[in-house]
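Which chain is which? They are A, B and C, in the order written, and residues in each are numbered from 1.
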Amino acid sequence: MKPRLAQKIAFAFLLLATLLVVLPVLVILLIIVAKGASAISWDFLFSMPRDGMTAGGIFPAILGTLYLVIGAIIFAVPLGVMAAVYLVEYSSDNWLSRLVKLSIVNLAGVPSVVYGLFGLGIFVTFFRFGASILSGSLTLGIMILPVIITSSREALESVPRHFRTVSLSLGASRWQTIRHSVLPHALPGILTGMILGLGRAAGETAPILFTVAAFYLPRLPQSVFDQTMALPYHLYVISTQVPGIAENVRYGTALVLLSLVLLLNLAAILIRSRFRRKKKW
Amino acid sequence: MRVRKLKEWLIEKSILLSGIFSVVFVVLIFLFLLREGLSLFRGESVIDFIFGKSWYPISDPPRFGILPLILGSLLVTLGAAAISVPIGIAAALYIAEVAPLRLREALKAGIELLAAIPSVVIGFIGLITLGPWIKNLFNIPTGLTALTGSVTLAFMAMPTIVSIAEDAITAVPRQYREAAIAMGATKWQTTWRIVARAARPGMLAAVMLGIGRVIGETMAVMMVTGNAAIIPTSFLQPVRTLTATIAAEMGESVQGGPHYAALFAIGIVLFVITFLINGVADLYLHRSRR
Amino acid sequence: MVDPAAKFSIRAFHVHYGQFSALRDLNLEILANEIFTVIGPANSGKTTFLHSLNRLIDLVPVSRCRGEISLDGIDIRRGLEIEVLRRKVGIVFALPLPLPISIFENVVYGLRMQGIRDPRRLNEAVERSLRESYLWEEVKDRLRTPAMNLSGGQQQRLCMARILAGQPDVLLFDEPTSGLDPISTARIEETLLILKKKYTIVLVTNNVAQAARVGDRTAFFLMGDMIEVSDTGKMFTTPADQRTSDYITGKFG
């Protein structure tokens, strides 16, 4: 076969493969929007479920997911950013920093359901927080820690070395240098990681199954020691556990969850590209 | 001045502590899995647990053999790998080597979006569209089969495989390509014989991380594989994976009882498998960066 | 033993980077209010020497120093806090490296790190140091604009103002005009000649003519050894060592 022809055929196959990856994404989005949009209304978003969840809204699930995600971020962001600062600014290439990096890789690879088991073992049982927003948030927080550390690390590493040298040469201490000449310039990258972490935490089901999620609650949670409903678990419940729920309600719930997660990711992508264009060094 | 020194000392110590926390969490996860799971092996041998052919956790006496679950996970994972590895690598080659710049950025954003879709949403779509379709296509009693699981999971592995393989391909030094082109190779010959070969360790890591993601995936697989804890003989029958078993049964188990311990013991197995896969993949990634 | 006029006195000073010996057995005095220039080819140890004077050398993880450097008779490793040393001994780098903040904030960066907040003091310091570096007239109306918008020569003078704001004793210059055009270079050199009335200046340069123009005394470094130090006029007319002669006449470099 002529090399030119071979190239044409080969590239056509590569393109086909790429379409096989990307097109289903569009198809999934289209199906969910097309079949779910009719369910979306003020009432659907902001009222309690009624009649065994076959009618009414999904407000408690939306609110619960917001609580969980905020709790996870409050826990994971300070810890993750400080861990990244440790890796980039303080550690040299020794056994400890290698061990920390290996641990982060492994935390990122632990299956989400194992996080659920861990949360059940440590927060629900050992610390006696019970199945609660606190337990669920902490479990999700540990799960998104690698996302936050990794993106914060990249953000810190992208700040040029000479900012640190200049700051130190002007008589700033090490921490002042980080605080005033490194962290402010890494902030957009850290923010991106935080939003990606938010999106991840909002969509996960397995870690909250045994640590917080409730099948159905007649009232909203009153404290961090209460259980709560959550969007992803609610979608699981109404699509597999409860018969007789209208199809557009299922799709509508999926649409709300998907919009929440994709909007967060879109925000992260926008911040990142804006930041890349703006930076001058 | 004194106060500031003290404040900075405290901050620097807490930064060091935060760094160490990642290690602590990995150790804690393992310890708590052991703490809750090891009690199973007072009444059960490890061999019977891993190679036992029947999983009847609530019969009397209960049987805790996870071989059907291991084979279920293995079958679904192999199927997903067979679909996602060739497609994922090909897509990575296209994005990195062939696509024009604008298209490349759009495609990468598309892949990121795919990675962001929650697994329960993918499971929902698989359950409600793919399942019935497979049922009709093969004319079988249920569409919730190992094959359905494999196809669904292939999509979840794809973003990992594509983005990491794409990084590895992009990292191949430009001189390799220029040398090949200068010697009269076509772009495709260069891509296939030179670039793909040079990026091999990174691609291998991409495949392993993709598989790691598939083995650990829980919600989607639980929703579309039909959940029958029997030793599978074909792709067209329902299976149950390790992860789905934990997620589906934890709610019914009695805390501290043997069933509860057995589910944690499955967690130990999963933890060890993914730990190994991620560790080895990380080694390959470092090799490809060098 | 110690010359009372000596700002820095350096005794048996060595620097190693891992196995590599970057500076060997340096004995030297730098006098108050002189411009002390250091010349030498690449890898001669002249930047290592300069960075030793305010301990920026500590930022290189594999570096080890032996011997003693004292500033006004005080050992800079044992007798001074590192932040205080670096305020007393300011440095201007080869490339203009303003921080990506406003002109004003660049100048007061060091003061803010000392905890000085009083706006009157900060304003005064900005005007004084920008006047000293001959930048005031050009930027006084746009102090709050980003420092990155200045030209290269202006940025380099901003970097001078930035260290002058902290009222240092010694100014270190690491090839400060290597990235600048001849006119900007001339302005920096003029400024150096005025600044030496108030400050002690150590200037590392790979431009031999520049050393001849502004230096009071000059040292020639080669591969980690100081070959020769003498009055600048003497070094450029009758160098004591053949290698010095070869270098300044351009036989190698």
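Please note the rule applied: a residue touches a chain if its C-beta (ideal position, glycine included) is under 8 Å from a C-beta of that chain, and two chains touch if they have at least 3 such contacts.
No experiment lies behind these values; they were computed from the predicted model shown.
A.B. asks: Using CA atoms only, can you tell me which chain is the most central one in this structure?
C.D. replies: Answer for the innermost chain: A.
A.B. asks: By CA centroid distance, what chain is farthest from chain A?
C.D. replies: Result for the farthest chain: C.
A.B. asks: When the centre of a chain is set as the mean of its C-alpha atoms, what distance in Å lies between chain B and chain C?
C.D. replies: Each chain reduced to its C-alpha mean, chain B and chain C end up 56 Å apart.
A.B. asks: Rounded to the nearest whole Å, what is the centre-to-centre distance of chain A and chain B, using the mean of the C-alpha atoms as each centre?
C.D. replies: It comes to 17 Å between the two C-alpha centres.
A.B. asks: If you average the Cα atoms of chain A and of chain C to get two centres, how far apart are those centres in Å?
C.D. replies: 49
A.B. asks: Which residues of chain A are in contact with two or more other chains?
C.D. replies: Only 173, 176 qualify.
A.B. asks: For chain A, which residues are in contact with chain C within the complex?
C.D. replies: 92, 162-173, 176, 180-181, 185, 280-281
A.B. asks: Contact residues on chain B for chain A in the complex?
C.D. replies: Touching chain A from chain B are residues 8, 11-12, 14-16, 18-23, 25-26, 28-29, 32-33, 35-36, 86-88, 90-91, 93-95, 98-99, 107, 109-114, 116-125, 127-129, 155, 158, 162, 186-189, 192, 209, 212, 215-219, 223, 243, 246-247, 250-251, 255, 263-264, 267, 270-271, 274-275, 277-279, 282.
A.B. asks: If you look only at chain A, which of its residues touch chain B in the complex?
C.D. replies: Residues of chain A touching chain B: 3-4, 6-7, 10-11, 13-18, 20-22, 24-26, 28, 31-32, 78-80, 82-83, 85-87, 89-91, 96-97, 99-100, 102-118, 120-122, 125-126, 142, 145-146, 149, 173-176, 199-200, 202-206, 209-210, 232-233, 235-236, 239-240, 247, 250, 254, 257-258, 261-262, 265, 269.
A.B. asks: How about chain C: which of its residues touch chain A in the complex?
C.D. replies: Residue list for chain C touching chain A: 54, 56, 59, 61, 83-84, 86-87, 90-91, 93, 97, 99-100, 109-110, 112-114, 148, 162-163, 166.
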